[in-house]
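Below: a set of structures, written as structure tokens.
Here chain A shows up in two complexes: once beside chain B, once beside chain C.
Right after this comes the complex of A and B.
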């Protein structure tokens, strides 16, 4: 992992989908008269086993405030589907937010490992450790032919989804996303906007992940994803070079103006913030802006500036305009302090 | 003159229009077979008389390069009409650019005194000194009933035009220019865009000047202009207060963003430059931006950033994009150095 790679592959996420043999799948369970008892049995067992391994923060989704749930969703630690299942669902989250185990989302168990940058092998080893512990507590639903059984057939087999958040300003601004997407599809991968299925691209961020979970081993899937990502990174880097060569002073102007607005504004909506930050990140990537402590601090800041994250930082629910003002002043301070400058 | 006044009344200009008895008016002269001889006789006489008083830079318009002429026009030291009369015209300009005497523009003599801020009495005294010297050299065309005779009847009588360049962001942005204009018309004054007759307003700058030159003494005209200007200044200041009160954070946001772009851009066209600078000046006027050495340095910078001025600073004719790049880098440096900041 080097800075060039990191400037494209922002963060990685590996998740495993698992279900238990002895319980109805969540979609069924929630309609069962024994939902509460069965769910708390599962939750208690998983909680105990995992806490024996290491310390996790425990969240009973049914008692979560709306604000706290939104905060966790924005940080990708829980999903909206988990919140919808609040009658039966829970989450265990590592204090450093690298691991999240969701109970009774679409499947009984969704184990997720998150990291900055991109090291799928390390991510997979880490999540396997968690998976083994849970597997010992309650037997998983596993079929010799189909592998792990899941609620949705797209997760059948390994239940493994590796997704990498990619910053692709050059490919997307040069109108090449469609070409990239079809190339990735050929390799068994999909590209989506940053916020997941159906979402538009925000700030030139795209999620690349494997489509196929069945018929290959975990190692084969990860190797295929790594290979595809290498192609994406090279494609993006080549287009950045072209962009830099062809963009000249008007590209630099765009980048430095966005920086100028971000370091001087008083009001900043989320959408504009994402666009301007994408310009600044592009500028850093192209060497047009100096970047002290780097991209990953900026990526953390982006997450911290989401609405529910802002509310949590303030300890109360803000109005939209209060958030825009807070986002502006925090961003001005952040960029000036972090030593990112023209 | 205080800073508040100066933040509205940017600069003042007094000019006198005069013609000589013994020569055909310029519009006739230029078509005469003796144009050259008669013109050089006039020019020589005026030049000698004025140089005896103090030192002036002398410009024979016929031998001026196009670039130099454009430069002087941009600095309001000569007019486009003078350039059109290049076969017979000349100009004498004080090294500090406070005084310019144009020979054979629309009238034989146009004497102009220019100053930052607004002190019409001082301006008039200064230009009268020049006028007296010229009057001694060649007798002026003067009629007992009509006063000084001029090519255009609108200048008849005193030949005096007092114009004040006014920065009216609040009045104009709040849609009150029409109301102000009709009030001024009632008082015998006109309002025009910054670049003179027929020009649109640039950067919220407007020229206010007396319409009537006949039937009043010079002192009466100047007193009427001063009185009208007091009204304009008060009107603008009142509207600024309202703007500040009502504008809140979105007004501050507009001002600080414009500042952010001006201090970070790489390309800056003249039109956008004027708009952004107007925001910054408004911000200074409203106390939203700190301003070290103040507005008048900024006003000098605005003039220096006009196309022909940029060419002269570079010692050659630049392309439009070269100028935009130069304007950007000079403005970034100027604002950072001058201690104008958020």
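Right after this comes the complex of A and C.
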């Protein structure tokens, strides 16, 4: 893997949307008086097929505690929509968290593969293998013309969404996101805030994904996303160089000041934490700071510092101020050991 | 007239527009709600499989079942054209994959028969029956 690419393309997700041919889609199913029985039949079928392949952890969303559901949402293993359908929904998650199959989200089945970096072909091969196993006993809703049928026409055809999480501090801080977004739109791709539709760009993280799912093969879609990836990475790297050149002492001051706060604080709210940690990541990416931690270790730390993840680490539900104190002490310990300004 | 579903309550006749044209159903309000999951209404185009109306789709942007794609095909084509740009799927095809698997299994079956391998023959026949079920859309 290319280290420069990795400082921009953080992680990838490939998702396939599928539906059973003979059940109403989840939004309609949930209204039926037989919803529960039909949903458990579906869940059982998918579960049996997948467990023949490998051991998946099973979650009946209806019986999850709020804290556990929030923890899984923060780790992107399940979605808020799946939680909203808790009366009929379930998830099967691989123990290493690389695969999550959500049942009865917007579609009956959402198969997802997550990986660090951006090897989309490998990710697709893995998830299409899972898809083949599920298809061995389930008649998917499929139409010669429209392909895989989905609850929303925006997912028709391949049902494939390839998303790459990108760290774009230079492009976004230099006010160039709109320009990048329109260039990507021209190529049939969208860019949005890190947590998906309608979300803001917390920590300079953006998700780039294909918009169109019908009329192209899976290989063509992946190639288009990879091409866009190259454009975005080059754009970001060019802007980082400019930023470094033009930023001078004030940029260095911002990075060191943020590092200073993160290593010398007692209370740290999530919003402030995300802002400061993005500065530190930018400092690392620009070679202004070596804190003995790589960018991916920092990304793992960000997930671990989300509220429900903190609660899980502590084995109980903390108050917000307890969490802020915990986040501060953990971050100080995480970053303080080896910080060197270059 | 009595409801054609429960046979107890007084029915009303509702005109439903489907892909095959208009058809009427004679149901009492309770059975109508139970079957279509919404308040009785007529005149709107409705999916005969799940009961979703075209008006509901236009409101939420979500379809109710695979059958909606047949019921509302004519109205869906312009929408699909706008959101997708293209109208013909060219990617992975589970039906073609099953047909290919079926062809291979037929060959393997004749080999197993020639060799008198009853165990193998049974396994292949079982998988063929599953494939036939899947290819007919899951109906037994």
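Definition applied: the second predicted complex is superposed on the first by the 333 of 342 C-alpha atoms of A that agree within 3 Å, B and C clash if a C-alpha of one lies under 4 Å from a C-alpha of the other, contacts with A are read in each partner's own complex, and residues count from 1 in each chain.
The rule is simple: contacts are C-beta pairs under 8 Å (C-beta built on N, C-alpha and C of every residue); 3 or more make two chains touch, one makes a residue touch a chain.
Bear in mind that the values here come from a model prediction, so they are computed numbers and not experimental data.
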item: Which of chain B and chain C A:271 touches, first, second, both or neither; value: neither
item: Which of chain B and chain C A:19 touches, first, second, both or neither; value: second
item: Touching partner for A:142 - first (chain B), second (chain C), both, neither; value: second
item: Partner chain in contact with A:215 - chain B first, chain C second, else both or neither; value: second
item: Partner chain in contact with A:287 - chain B first, chain C second, else both or neither; value: neither
item: Touched partner set for A:95, first chain B, second chain C, both or neither; value: neither
item: Partner contacting more residues of chain A (chain B vs chain C); value: C
item: Touching partner for A:249 - first (chain B), second (chain C), both, neither; value: first
item: Residues on chain A engaged by chain C in the complex (per definition of touch); value: 19-25, 27-28, 31-33, 106, 128, 131-132, 135-149, 151-154, 156-158, 160, 188, 212-218, 221
item: List of chain B residues in touch with chain A within their complex; value: 249-250, 252-253, 256-257, 259-267, 321, 325, 328, 342
item: Chain C residues within the chain A interface of the complex; value: 34, 37, 49-50, 52, 60-66, 69, 76, 79-80, 83-95, 97, 130, 133-139
